[in-house]
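Before anything else, here's the structure in question.
Each chain gets a letter, A, B, C, D and E, in the order it is written, and its residues are counted from 1.
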Amino acid sequence: GTPAAQQTEEGCVSEDLSGAERTLAFSNWPQYMDVDEDDESRRPSLDGFVSRTGIQVTYTEDINDNNEFFGKVQNQLAACQSTGRDIMVLTDWMTARMIRLGWIQKLDRSKLPNVEANLLPSLRNRPFDTEDQYAIPWQSGLAGLAYNGRVTGEIRTVDELLTRPDLKGRVTALSEMRDTMGLLLMSNGHDPTDFTAAQFDDALTKLRRAVDSGQIRRFTGNDYAPDLAKGDIAACVGWSGDIIQLGFEDERIKFVVPESGVLLWSDNLLVPNRAGHKANAEELINYYYDPTVAAQLAAYVNYICPVQGAQAELEKIDPELAANPLIFPDEAMLAKAKVFMALDEQQEREYETKFQQVIGA
Amino acid sequence: MRISRWLAEHWVLGVALLVLGYLFLPIAVVAALSFNRPSSRLSYDFNEFTLDNWRNPCATSEMCEAVLRSVQIGFLATVVATVLGTVMAFALARHRFRGRSGLNVLIFLPMATPELVMGTSLLALFVSGGVPLGFWTIVIAHVMFCVSFVVVTVKARLTGMDGRLEEAAMDLYAGEWQTFRRITLPLVLPGIVAAALLAFSLSFDDFIVTNFNSGTTVTFPMYVWGAAQRGIPPQVNVIGTAMFGVALLLVLATSLAHRARAGGQRRPAP
Amino acid sequence: MTVDPQTSAGDLRLAHLTKTFGALTAVEELDLTVPQGSFFALLGASGCGKTTTLRMVAGLEEPTRGRVLLGDRDITRLRPYKRPVNTVFQSYALFPHLDVFENVAFGLRRRGIRSVDGQVRRMLSLVQLDGYERHHPAQLSGGQQQRVALARALVNHPQVLLLDEPLGALDVKLRRRMQLELKRIQTEVGITFVHVTHDQEEAMTMADTVAVMNAGRIEQLGAPAEIYEFPATAFVATFLGQSNLIAGDVSGGNGGDLLVTAYGTRFSVPSARSRADQGPVLLGVRPEKLRLAAAAGQVPAGHQHVEGSITDAFYVGVSTQYLLRTGWGTELSVFVANSGAQERFAVGERVVAHWDPRHAFLLGRQVDEDDRTAPMRHEPVGASW
Amino acid sequence: MTVDPQTSAGDLRLAHLTKTFGALTAVEELDLTVPQGSFFALLGASGCGKTTTLRMVAGLEEPTRGRVLLGDRDITRLRPYKRPVNTVFQSYALFPHLDVFENVAFGLRRRGIRSVDGQVRRMLSLVQLDGYERHHPAQLSGGQQQRVALARALVNHPQVLLLDEPLGALDVKLRRRMQLELKRIQTEVGITFVHVTHDQEEAMTMADTVAVMNAGRIEQLGAPAEIYEFPATAFVATFLGQSNLIAGDVSGGNGGDLLVTAYGTRFSVPSARSRADQGPVLLGVRPEKLRLAAAAGQVPAGHQHVEGSITDAFYVGVSTQYLLRTGWGTELSVFVANSGAQERFAVGERVVAHWDPRHAFLLGRQVDEDDRTAPMRHEPVGASW
Amino acid sequence: MSAPAHVPTASGEQPASPAPAARPGRHRFLPYLLLLPGAAWLFLFFVVPLVQLAAASLYDPAGSLSTGYALTWSFDNYPAALQAYWPQFGRSFWYAGIALVLALLMGYPLAYAIAQKAGRWKHLLLVCVIAPMFTSFLLRTLAWKTILSDNGWLVGLLRDVHLLGPDGRLLATPVAVVLGLTYNFLPFLVLPLYASLERLDRRLLEASSDLYASPLKTFRRVTLPLSMPGLTAGTLLFFIPATGDYLNAELLGTPNEYMIGNVIDSAFLVRLDYPQGAALSFLLMSAILAVVFGYLRNAGTRDVL
């Protein structure tokens, strides 16, 4: 057999080499960092961090999907080995799992004054990290629908996405169970914050039908974006910021908040065990909680910014963006946005397995 | 009548050319895109001709590092696998010993095992052994799946070789080592070169096994995989096209060199 | 077949040489001396152990027993590359990746000789291959390849050159040419040649000494004409050239002659040409020694004769070959040169075959052995092939 | 060399058959009739177009011009698998993946014949391979393979069987055996055999008709003895058997004889044996037709003679071959059968070579042509090889 | 004749040198020495992991990451895995099989033409078969994605000639997956086949046509059987990786085309169900081996590789 993957603070000690090595390995999702319009190899906010602190950042966009990424690093973390990354960005539920497994290093709050000052209250003291010492939000966002108006007409509802004949085979959904199933639960009139197993099964049946009929081409991670942009995919389940970014290049690509509701989630900055540069990571976290930096980032990625005061800063750069409810959600938007309920290990396994079976793997 | 006879004799060539066309079709797309200035980062359509990508193939340093890394891994894996495999091929072709058939199975099995299975099982080994994943675990894995191909290729060449040549060399005052160095090795060399080329192409192109055993190390195929998820920089196509060209030149050069050594066309029998 | 007592410094001697492969004895207690500088031919049926013998001399095979000596030096256990012996292999075994020059230079280079150029060129010119230095073996004709193989061996000035059917793969015409060439070169360089061949004519025309091997042993050894004219055994008589052998019994003596009775007829053979002087014998006459006459009256005095009828006749240009059925039912074969002088006979004609008793020879015979007819040139030699 | 006007239903006729490969003309305007049921041999130097001719008959090569007819049927453009013609290939081309039985059955099965068993077994027994049905070609000796190839072709009862040097790869001994075998089988089955060979002896002993080809054309065609005894051209005289050719000029006639002056000496040749009756000629005598005498006085009446001294002598068992230097400096070659009756001569001795004029023949000569000596058996035939 | 009585010894006899002259005893251990490094490598990095994987396939399926997995010899994992994923299983063999047929239809003429008809272009053509392997597998597959894309010229062309309906697609269909499999593994089929066809003696083909076999019959009765060793080796080298592949299905297909490789991939990397992943891996391997040995038996050439 294999031993449990559970680690403890005492059992798996990480050494911080930040004093000697001014470097940082940063794993993130694609389209989650501002890029210079003229020179795509430059990332202004990150470059700002480098010049401000002298810490060299190796920035890798190698997270496409929470599960996929977990699969990549779990062997090392379970064995208390370095993943080669100092900081990484994962969604709430995955963050919760990692913390539960003891794979995440505790941050030194004293080195995060900006976080202390500017983290949105709604994102503090969350159940999986009651003292905000493991996971600091990077961005929040919405999971909803998107379409490319160049190749199809407008889409308003989840049902349209799953059944409209002209979309057959040109639709993708997310392999992120909570996003896809959350939308389906809501389209069935159920509440993703609080649903029963039967309700889940109903939603899953609906999904299966769409898969079997060939309506859904693929279940994707973040990689739906290029296909949607190209028009290979007419419509999909996607994440707000990505779509808005695509919309800048082609205004016919639109994000849709279905009437039945959207999913709200946050991605968090995490320092895994055996990461050698925790202090450098803390400097980075603190840097991004500077409202001007946060605004710079938000202006590009168009996700929901967790930093108080960023909206004011953004107003200075781009007032139109600052008023976009998808970036700084208003009450109406928040009413439609639901957070997928927390699952215990047993539930998670059960629902994941069922979901995976439907999405074909 | 004559036309039908000509057709009867040449249609195969026609089909072969069509199939070659099929083999080259995607390469042509890759090559074309290497001259493309994409309309946007996420676009993969041919937009506008440019030489920029070729002038500046390292737009992203990750990509060029990945290419370099893949070449290094490919080189190391090729050298090790070729040495190990060649030596094994010699033992198998030239000696009778106990356990031969078992060994043949051991060599055949990796070729009969889906890459996925090899990748996952090897990963489990590294993790349970506490071996940090990275460059060297990739090399180890690549050597493992290349060795069998090398053995098979070299062995075929060796068994086809006339053993009397070695006797003739010994008769002509060449000791064991000299015989090996002057006769056996040069004669088997084309087989070894072919095996090495095969090994390199297998290693350079591997995604599945590498993906499982790479840790955070990124090889070129893995870079392409990742890039495909977020929009491929056109320079990737430059690398792809260049590798194709290099392969063409390399293989062509070796076969020309070989032909030159063998001394051209065989004379018709007297 | 015993070791020659007086041997010179460079003679090749095999003493009690034996080689067994598992249960099979390929070479059995071979004793043999090949005088230095001679052209020695080893003849024998397929599988009789010729190649094995040569391989032991070359060091490519280790003898089970016995010794190989060069002069007084025992080389039995020397590795092949340490022996002053070279081989021309049947299939030439030219190195395909080396050109003609490098093939020939191979042995010299292996012995650490630096300036090989002169020697190689001289050797290539000896075998008339000047200008072919940069050709590769695949670009040469069979005859040219053969000469490269020869040059490659000769350039080393070995004490002994072994030739294992070097002409076996050539067509008849080329073969004849190469034979002369080999002989010329051997005369020129004066090295000991040990030549293995299947072809008796080849052995006879080229060698100073011929050894006829049978089942791992040597049956007879001597000058070609000596063996041909007076073979020691029935095997030799039929293997080297062809013979009509008539089964009979010695019935007495008559001065220098032995009397033999066969099928009720009496024949005489000079005792000097007899290998047996009593009991069952085979009376041998070579087909070209037999002559034909239309009637017994035309038989020259002193000749012996047998009557019969022609059952077959073959015109082969130079000669005509007849098959004659004797009164007692077996057949004799007669070769008559087409010199224009002889009468022609037709199939069915009754004729008399006659011969000078001095051309006959007498061999010992196993009791159950029967007559043997010399096969005509175009007749199957044995039943099984 | 022209088409035989009266042809029977099954004759193989080649009419103006021509094949060019690029600039090279391999076969040139060949006209030839091979009578049904005959054993026809095609002889010629390497590269003269024999194989190409056969391949056109088999349908494996398409003629550039001309026609191939079987009886009255034009088969020039018929695909090979539709012709009643089979080939025994030089290398046999046996199917290595099929056993002997299946090799032989191949053609029958392809023609849709179901019960092949009896036919195949009968054929195997004809070539004496009963019991070898389940052997694979790799397990057979060369001679056995040859017979399988033969059986595989014969079992189809083709109208014409083409044999392209089927014996070329065999060693001399086996070759002789196979020749007889082939002849026997042809006599038995009565199929037309067209046999290509390099070996003139082979052609002469086996064929009813021999055609000598040279550079894409046929030089002479006829019964073997006819061609041998009275060749039409110098090429034929030296290619089929061997000849001493003496350059001279016709100096007049004398009854039924022509008088030839060569080197100041007068010789006569019956006009019936002359291919030219004026101008420069070659006087031909075959070496076995020459006889040796110690002195001019011993030359029989009516014989013509040349004096000279022996420069070389080869003992080859059946015969001894002498080289004689004539007074005018060229050489003659003389074969003397070792029948025991003839005197032996030593190198250096002065002798007289003589012949019956009826054994000489006369050929036309190019003005610049010189003497040619029949090569001795063991002398190089040409300068370049 | 002054013969060199002594020849300088070739010094430094190497263990790696083969000794054609059989010297009993001399090289008894040499083969083992030669085999040791390679065999050890394969043993350590192939056999041992495989055994480990075998053990993993028998873990308690109720185990989890946080609790760990216990080896409970749960053979039930096998039927359970098969039951859950037999469609993907079947599909793997089905797609690989169709791809094999296509590859044979394309690869045989190609190999044949190169070996027998190409004359002096032989080497160049052979290079052309190998060279694409140097352009990344992924790049080529992505290129196929572009070629087959709904808005691409190919689909447009096929729609124009009505081989595809107005809404017809190529990408994300079984056709695309099978095409991708065919494409990617074709060189592995062609190379051994070529080696075998190159050795084919043309004279045998002539003999066959001389013996009344039409070109088709000649192919069926002579060419095909004689190329069997290469065909067998090529078939295996094509079929095995094709069956276990998941990238083509992933990139060119939809969940409806997913093969067993996709399932194993997700079992190991996404669902983290090691027992099931391992069990599926072993099921796949044994299925492949069963097919292979069944095939080898029929092909009659055991000694292909």
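A few comments on the model shown:
Keep in mind that, in the parts below, a residue touches a chain if its C-beta (ideal position, glycine included) is under 8 Å from a C-beta of that chain, and two chains touch if they have at least 3 such contacts.
The model shown is predicted, which means the values in this text are computed figures rather than measured ones.
Chain centres were defined as the mean of their Cα atoms; on that basis the chain farthest from chain D turns out to be A. Highest inter-chain contact count (C-beta pairs) belongs to B-E. Chain E has its Cα centroid 56 Å from the Cα centroid of chain D. In this assembly, the C-alpha centroid of chain A lies 39 Å from the C-alpha centroid of chain B.
Rounded to whole angstrom, the centroid-to-centroid distance between chain A and chain C, based on C-alpha atoms, equals 94 Å. Chain contacts: chain C has residues 59-60, 80-82, 110-111, 143, 156, 174 touching two or more partner chains. Multi-chain contact residues of chain B (touching two or more other chains) are listed as 44, 128, 164, 167, 170, 173-175, 178, 228, 232, 270.
Those residues of chain E in touch with two or more other chains are numbered 7, 9-10, 20-21, 56, 265, 268. Of all the residues in chain C, the ones that touch chain B in their complex are 58-60, 79-82, 85-87, 89, 91, 93-97, 99, 106-107, 110-111, 135-143, 152-153, 156, 174. Residues of chain B touching chain C in their complex: 162, 164-165, 167-175, 178, 182-183, 186-187, 261-267, 269-270. For chain E in complex with chain A, the touching residues are 56, 59-60, 63-71, 84, 88, 145, 149-151, 167, 169, 171-173, 254-256, 258, 262-263, 265-274. Chain D contributes residues 141, 143, 168, 171-177, 179-181, 183, 198-201, 204-205, 224-225, 228, 240-241, 286-289, 291, 314-319, 335-341, 355-356, 358-359, 377-381, 385 to its touches with chain C in the complex. Every residue of chain A that touches chain E in the complex is listed here, in rising order: 1-6, 65, 67-68, 70-72, 74, 78, 100-101, 151, 166, 168-170, 175, 211-212, 214, 216-219, 230-232, 345, 349, 352-353, 356-361.
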